[in-house]
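Data block below; observations after.
Naming follows writing order (A, B, C and D), and every chain is counted from residue 1.
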Amino acid sequence: MKKLIRGLREFKASYFSTHQQLFEQLSHGQKPRVLFITCSDSRIDPNLMTQAQLGELFVIRNAGNIIPPFGATNGGEGATIEYAIQALDIQQIIVCGHSHCGAMKGLMKLDSLRSEMPLVHDWLKYAEATRRLVLDHYSHYEGEELLEIIIAENVLTQIENLRTYPVIRSKLYRGQLSIYAWIYQIETGEILAYDANDHGYVLPQSQLPPSEIDNTLFDPPAIRNRETPAIKTQQQEFQQPEEFTISASQRFPMTLLSPEQMDRIYRGSASKKSNGS
Amino acid sequence: MKKLIRGLREFKASYFSTHQQLFEQLSHGQKPRVLFITCSDSRIDPNLMTQAQLGELFVIRNAGNIIPPFGATNGGEGATIEYAIQALDIQQIIVCGHSHCGAMKGLMKLDSLRSEMPLVHDWLKYAEATRRLVLDHYSHYEGEELLEIIIAENVLTQIENLRTYPVIRSKLYRGQLSIYAWIYQIETGEILAYDANDHGYVLPQSQLPPSEIDNTLFDPPAIRNRETPAIKTQQQEFQQPEEFTISASQRFPMTLLSPEQMDRIYRGSASKKSNGS
Amino acid sequence: MKKLIRGLREFKASYFSTHQQLFEQLSHGQKPRVLFITCSDSRIDPNLMTQAQLGELFVIRNAGNIIPPFGATNGGEGATIEYAIQALDIQQIIVCGHSHCGAMKGLMKLDSLRSEMPLVHDWLKYAEATRRLVLDHYSHYEGEELLEIIIAENVLTQIENLRTYPVIRSKLYRGQLSIYAWIYQIETGEILAYDANDHGYVLPQSQLPPSEIDNTLFDPPAIRNRETPAIKTQQQEFQQPEEFTISASQRFPMTLLSPEQMDRIYRGSASKKSNGS
Amino acid sequence: MKKLIRGLREFKASYFSTHQQLFEQLSHGQKPRVLFITCSDSRIDPNLMTQAQLGELFVIRNAGNIIPPFGATNGGEGATIEYAIQALDIQQIIVCGHSHCGAMKGLMKLDSLRSEMPLVHDWLKYAEATRRLVLDHYSHYEGEELLEIIIAENVLTQIENLRTYPVIRSKLYRGQLSIYAWIYQIETGEILAYDANDHGYVLPQSQLPPSEIDNTLFDPPAIRNRETPAIKTQQQEFQQPEEFTISASQRFPMTLLSPEQMDRIYRGSASKKSNGS
């Protein structure tokens, strides 16, 4: 507590005093451009990792960045989504999972949770589509690798759930909404973004309009050569090459590509154009 | 999007590269000390305002920082609370409301939401105790002032709801859990903390163990005189005196003091002692 | 049936005929002063044990004297509480558990109920905070003793739940409502009332305003010496000393004292003063 | 409070001390023969009006003696019924409404309750069948008379709901359960029982096996002649003759008799035989 309270004073004395105009203006209302849905995990700070300013990200956080399908629950997720889209007219949604997610680990040993953490057990029901998909198609993976796949697939599952909300469906229909699937890699401080063209998770440069995409980006070695030395060093220090990216070819071969995923290829670009982001 | 992606690179090049050891260590697990429950509002950044490091705050965010009572919903709030207390053994919870809260404004015109934002309308049912209390006892307030009271009372309502969760009740029973009520004032960058001794919201210094509490702190004018110049200055620049604190005498005259508020006097200090925070 | 019908005639011929004025008056409306919430158990008769007249107790009875938190169920408990507080303006609530409670025994073997009595199993979810607290802190108790603790803690759990209702929260806020925790001991015909000063259940004299409280009452042996002969005799005839009261020192040693229990110290007396009961 | 506490002592000194053996025995378990479902109204005391001893009546009380159909709610009613029939093997159920019922008055002005008492409003949904039946067939009645009909019909509606519970249906199937519809008339201290042979509410003597029924009972004047003077007087003082009974011919002409009601004629006697009551 002491530490936090000292932090509050520090914030006021430093950040606040150097951004008085911003706070002045924010006190009159918020106009966030992005709904950022992520896990409650303490290792995630959406504003820090995106360097977004106060007022830019409207944030939903719960265990496992799970969004129950419309009508399935009466918790805060649906209401908060409705408020973001309807009242704030937000046009971009990022669902951001992360490596080493405790909730996704729970999905791997669901039964053991029933008595120990009944509410968590029931909550993971809304990630059951992830569990089933992985059981059916990735049973040959184990441990860390399996967890990575679960994390990656769950973000896509939750986007499917997100699409069941009336306000979302209506905006998507008009191409007035873009939905992005991200994974935050704690060990590299890197975001991997789902890219429909590549049917896998890649560096989020792929989220930019074609004009700005550097095609060599999708060749991992190439990236390393092009990165600033500082980062390059780190990858050598802290990473196994094969963990660098959940590469499409390893994880989501064409043949496994779901209709929804194909769908997202199209919608992705379509809606990107439509709101010029 | 471009801006966020540039932000990601910036984060990696700056913050990440200067905190590699922290990320290295975080990749092995999280040990947050605080469960921070706050609103999805884009003007709030829990880590920034408390200057907490990655790994320190486990965060739940939804519209209105609402916690439905145990068993009332099957959304993410209960599961995330259970995970925080049971799996992570967190012993401090902060429920943090904020000025200009859109959800609390919604509580003031509930009927108009029924058709326009049905999910938000239904979600606000879990703030009904706030609405009812304010209708019954503060009907003579209006506009901004009324909103301030709703925001302040709602944090206390949500703490009542929080106490119905089995994991919470069991930890409170042993004095192994402290629950704090905070309000973030966007215009001043200030946190006001509920202080039972003062029966109102004051600067959070009151949350520190008695040894560190300066009793004159509870007299607003006195505070201003005793603050470090930096802070004092700002208050003079940016605040109307009566906005400095939702003062007990203005908001909760002794005679209106609720049992719950008195409750917290004792619980606050009792539990603080017990877990030495 | 015959017996009951004979009883009806007897009642009409005796009690009714000697209280015609009371019934005349009651036919014009009820003005109960107490909401009495207790178990459906056939061994309990609230009016008999309190010697209350017709018209004095508004009664809710269900298996286990359970009150689900606000919003958790759509059964009769919430509606009846709302009617009692709102329509009848009742200012005192007694939640009364009892020894040998079948529902609380069910809480000790919850799994076995799932298939056998599914509705009872699900209903006991609203006593889960009791089960959890006892599992966490009283696992070293067994059988009768454990059951006594469960019964005692469950009354306090249900009071936590009760406090989440809007009408309750609003009345508590003004100190216009007092809530009492009672346990009826079938074998002794005695009520034990939760007393926060003693952090345990004692004779309900402790519920009277300070002026009338005999402090030595909280020392069981002392009580026995000071009781009127009639009662004293009986206790000697029918009771083991350690059964005389669920003594604080045995059941809730200071060090185990929960914040909620401390809470009630203050609330108890505060609200008693405020409504002069 | 003082009064109740004095009552507790009185009870212990008088009733308890003269019934020690009964309490001794009750402390070893309960074997109630009747499940008595009635309103929370303070003017009702099931044990007093039936002169039943402790241990004889297992009691459910809520606003309006309402039993939601199986699956419609997750409140205490279903669980308590299940416990009574399954765990206690009770074979007789009495659903007892009463004159001047506040909940039934609420049913007459349902809309006005929506904002004022939302939980009561929603609860009365389970008496909607009563409201509809009365709207459709008794629209020409008003005030007190209409209320009497609502009260009388509601008891039958709730019995229909009761029959939807699995445990009830199974016992009824075997003729191992009898269900009785009673109305308690506060002004006369009289119970009126639904009698299928007469298709109306009459004195409960009709509930006894044919052998014991005095046929003249169904002629009100005759009854008055046979009553003890005391009571006779009162009826003259406090009652209009035509209010003495909600006579079948006035209220439930043959043509309105529902299949369920016919059903009950047969089942009634069948099950009466089967359990020898």
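Operating definition for what follows: a contact is a pair of C-beta atoms (placed from the backbone, for glycine too) under 8 Å apart; a residue touches a chain by one contact, two chains touch by 3 or more.
Quick caveat: nothing in here was measured; it's all calculated off a predicted structure.
Distance from subunit D peaks, on a Cα-centroid basis, for A. One finds 50 Å separating the Cα centroids of subunit A and subunit C.
With each centre defined as the average position of its C-alpha atoms, the distance from subunit A to subunit B rounds to 25 Å. The distance from the centre of subunit B to the centre of subunit D, with each centre set as the mean of the Cα atoms, comes to 50 Å. Contact with two or more other chains is made by no residue of subunit A. If you sketch which chains touch which, the chains link end to end in a single open path, with no loop closing it. According to the touch criterion at the top of this document, the contacting chain pairs are A-B, B-C, C-D. Taken together, the subunit D residues at the contact with subunit C in this complex read 1-13, 15-17, 20, 23-24, 26-27, 29-30, 32, 34, 40-45, 47-52, 54-64, 66, 68, 72-84, 86-87, 92, 94, 99-100, 102-103, 116-120, 122-124, 178, 180, 186-191, 204-205, 207-208, 212, 228, 230-231, 234, 238, 272, 277. Listed in rising order, the residues of subunit B touching subunit C in the complex are 68-73, 125-126, 128-129, 131-133, 136-137, 157, 160-161, 163-167, 169-170, 172-175, 256-263, 265-267, 270-271.
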